[in-house]
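Here chain A shows up in two complexes: once beside chain B, once beside chain C.
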Partner chain A sequence: MTEPLLQVRDLSIRFDTPRGLVHAVNNVSFNLMPGRTLAIVGESGSGKSVLSRAILRLLPDATARRSGQILFDGKDLASLGEAELRKVRGKDIAMIFQDPMSSLNPVLTIERQIGEVLELHLGLAAAARRQRTIELLTSVGIASAEQRLKEYPHQLSGGLRQRVMIAMALACRPRILIADEPTTALDVTIQMQILVLLKRQQRETGMSMIFISHDLAAVGGIADEVAVMYGGRFVEQAPTERFFKTRLMPYSEALLKARPNPFAPRGARLEAIAGRPPDLTALPPGCSFAARCTHQQPDCLRSVPPMTALSDRRYACFHPLVSVA
Partner chain B sequence: MASIAEPVAVAHPRRRSRPEFGVVLAIAWILALVVLSILAPYIGIQSPDEGDLLETLALPSADHWLGTDSLGRDTFARAIYGAQVSLTVALGSVGIGLTFGGTLGLVGGYFGRWPDRLIMGTMTVLLCFPGIILAIALVSSLGPSVGNVTFAIGVIFIPAFARIARANTLSLRSREFVLAAQSLGAKLPRILIREILPNLMPALLSYAVVMLGVAVLAEAALGFLGLSVRPPKPSWGGMIAAERGNLAEAPHVVFIPAAVMFLTVLAINWLGEATRRLFDIRAQSL
Partner chain C sequence: MTDIPALEVSHLVRNFRRPDRRVVTPVDDVSFTLAHDETLGLVGESGCGKSTLARALMQLPPPTAGTVKISGEDLTHQSASARRELRRKLQMVFQDPISSLNPRRRIADVVAEPLEIWGMGGAEQNRQHVIDALSEVGFDAETVWSRRPHEMSGGQCQRVAIARALMLEPKVLVLDEPVSALDVSVQAQILNLLLDIKSRRSFSMIFISHDLAVIRNICDRVAVMYLGRIVEIGKTEDVYRNPQHPYTKALLGSVLAPGQKLPDEEVLSGDLPSLIDPPSGCRFRTRCTRATERCAAEAPQLTAKDAEHFAACHHRLGRNEAAQRPSI
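Showing the complex of A and B:
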């Protein structure tokens, strides 16, 4: 059996805020296999983005407290020095962000922004940088790449900008790409193109991907495995196909049902999840979903359900939806 | 009734590239001043120091374009040589303010916590002194010279630049492109200089242009108090101060240098306004 490329062990992130300690990520563990894609889904505020940033240690040291391990290729990223960490960032693990408008520097040309990464990690000279930048832009499907070099982010459309971001992230052929809601800010047709692009890049380079999204359709198309996050915890993890067939944890089920159905009759009610996500400063002693759960039972309120493994899937629920015999 | 086939004249949108008349005038005035003051020793302008005592307080004429002062010195020549001082001081002091203030603000804004408190505390203390009094104190203890005047005015400018740089850095450092640069492994100096600094430039530069005018006025104020270059070297403030006794019989000797100064500051402010608008438009399209 191959070794996982990235192992996250018992990772917790807390933020010190004036309102109290925010438990943004709680005891999250997962493995990422080489060449595979793990999708992390969940509603806003469930800790998806914090988790993704924590992997590269991008959270402010001043307010974020971290415990647990992040093993990349056997090295614990959590204990690396700043200089070693920088060698991993961008080179081994790269990241793309939700809003391509604000993740590109508005006053630098495309050439400068991509060239910077190439210079930093690969030490390429100006001419080689330019050549490679054009190659990269072409490979992410940007036509007339040479003209685009001299343009600024505001001259590009949203889709083009996200392509530029992807080109930047892929510049050093990272082994892991963390995509934090890469398609959320784009319209549907462009979303599709970006997903196809990411998949193609993954096929060509063999990189692993952590794909963070709340768009279940996108997840179904791109991920090998789906992890559902709620209240800063992983509540269910399963291979994509099996996940879309059956859910064990009621929250996953509710999440899937909450998708608007385009074929629903007029006037049909949307199946929203009642209630609000838990307050991360004061998580309940029991299951964090219990308050909104339709299958709630007394023991749900007493202690946090542990992650239970069932063949190739895991879930955290005392009363899984499909009876597990 | 007009047929629908008749071509309708479409109003041409105003070409944006044509600069405003006022701005052109302002640029022309400042360019002329700069060129004249640089070339002054080589283009046969009369000596600013040698007076013709037979021709004191003369009105403008072909010989003396802007008249002469009470010692018979050519006002035009003195105004040009005074411009040397004014412009040097203005550029130098704004340069000091921009460099030091910008750096301090950038560092304070980015790091926050104690560096920020230390820097901004110091800036607040500096702001507590009335500017011109601080400058007078500095120049009178250091001695009047172009260098010291530049330094004194520059020091006064530092806090304002620092505040602007800090405020902008605060909002920029949490923008995603800074995070993106970090996620790509950028080092700290690189993030500060390549990612944040270029975004600060519009705000800092448009403020810098406005401050050029303030610096010209500050230098004139010091000159008026005899704290700019030493006589007989001309400075605009010094020229006004030296002739203020003759205001009754020969007002032009005071008003001409004052007018030159007024026009210069006006031109600079006009340019400052234009720079601000220029950066504004870009900010909107971002």
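Showing the complex of A and C:
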């Protein structure tokens, strides 16, 4: 049995804000196995982006309170010093973000930006950096990479910028790539190009991926496992194929049904989810989805349903949709 | 039902002169009609000109050439005052619901504003009108009456924008990416709301979206745009089941159905060409696997596959080639 590469144990993140304490991530635990892709799906405010940033400790220490463990290769990232952490960030664990324009430095050339990573983590000299940068750009499908070296981010299209971000993230052959909505700002044809590219890179390097998205369909195409987040908690986690066959937690089912299917004949009304997501400053004592759930029972309002394991899947619901007895 | 369409757009062109004096043409010779009570989807990727087209229809700013007729009356060649009068029949809902509402005004005032501008009705009558409009989009009018936009969620603001757009009972409602900024669960609420309102009232819609799933859910017909031109137009079912243009097929092939695995190869490679120097002939030819010399020499015109399904391609897809991946 292989060991997980990353183990997140009972992680909670709270933010002090003028409106009160925001419970952004609540008691989340999961394992990431080598070479596998875990997708974390949720709507805005579900806590998925905060969770992804918390793994690399990218949240402001002044306002973010953290509890729990983040074990990478046996080391607890949550307790590492800043200097130690810098050796992991961008090297062992790299990250790409939704908006490549604002994540790239607008006043540095592509060569400088990627070169910086190679110098910092690998200590490459100028000529080797240049050579490696061209290789990286070519490997992410950028044609005539040599000419691109002197260009600035604003000279590139959105798809090309995301490719540059990926090249930068892959520069040190990370063991884990965290991708936070990497295709959300892109057109569908470019989205597919980027997903195909990530999958191909994973096949070649054997890295693991955490793929954050609001788009269940895109996630199904790339992930081995799907986790659904709601109100800062994991509410269901299952191997992708099994997830698309059956959902146990009503929110997962509702999320899938709310989206029109582009390949089914035009239906009438969609099954919208009534109401709004919970306020993270005042989470209810029970299941955070109960207020919007059509299967709600009295016990759902009393206490938070615990994560329950069922063979290779987990769910947090007192009244799962499929009988599990 | 009359023979005059709700909206008739002929040879519409919108170009802009850049600071370097070069001219770009984001909308290049676009023609279509919109029947009464019909919903036409405009789909395409960013930069294809769909938003510029919507704004040209609204005369924001007016098109460079071509005509827009609403219920047979030409909007483009009118005096300013006559154009203003006609524009009441054409209303718009924008993508970003929060920034399209004045943050300092109360919700009731936002919705009442069209009536004030047109000096319609008395205070009491207008008040009732606003109450009705707010309840039509699913609000308890009293609860939201004095709120301001920042106190509402994105989905709620979009409901307010829809209520405002419907105040003057337009003939045509133009919606530019109305659900793109919203979460999936809220998207479904807004799409259902539009279907409900449409079943009660009589008006036509132009629904702009980059999202093929949303278009299929709400549109009777769909027009696919690429680099300023319509490349295919027809009934939504026909276009989705049996796309004639290679670009339409690539666009549909780039969307995953829930649970579908990613293919090993992308369906369409490369980026959109620049509008500053668009390809000669067929604008899609630089990314098209079927392109020949003819495609570079001669721009294909929209021709009919059947009475209602048109595509602009010299090498249209046959029935088997067009077949989509099986749905799940």
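Here is the rule we use: the second predicted complex is superposed on the first by the 320 of 325 C-alpha atoms of A that agree within 3 Å, B and C clash if a C-alpha of one lies under 4 Å from a C-alpha of the other, contacts with A are read in each partner's own complex, and residues count from 1 in each chain.
We take it that contacts are C-beta pairs under 8 Å (C-beta built on N, C-alpha and C of every residue); 3 or more make two chains touch, one makes a residue touch a chain.
Every value quoted in this text rests on a predicted model; they were computed, and no experiment measured them.
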item	value
Partner chain(s) touched by A:L120 [first = chain B, second = chain C, both, neither]	first
Which partner, chain B or chain C, touches more chain A residues	C
Which of chain B and chain C A:G159 touches, first, second, both or neither	second
Partner chain in contact with A:F263 - chain B first, chain C second, else both or neither	second
Which superposed partner A:L58 touches (first chain B, second chain C, both, neither)	first
Contacts of A:S102 with chain B and chain C, given as first, second, both or neither	first
Touching partner for A:R276 - first (chain B), second (chain C), both, neither	second
Chain B versus chain C as contact partner of A:K91, first or second or both or neither	first
Intersection of chain A interface sets (partners chain B, chain C)	none
Residues on chain B engaged by chain A in the complex (per definition of touch)	112-113, 175-177, 179-187, 190, 194-195, 198-199, 201, 285-286
For the chain A and chain C complex, residues of the former touching the latter	43-44, 157-160, 187-193, 195-196, 199-200, 214, 216-218, 220-222, 240-241, 244-245, 254-256, 258-274, 276-277
Interfacial residue positions of chain C with respect to chain A in the complex	45-46, 153, 155, 183-189, 191-192, 195, 210, 212-214, 216-217, 236-237, 240, 250-252, 254-269, 271-272, 324-325, 327-328
Chain B partner contacts - residues on chain A that touch it in the complex	53, 56, 58, 62, 86-91, 94-99, 102-108, 116-117, 120-121, 154, 165, 168-169
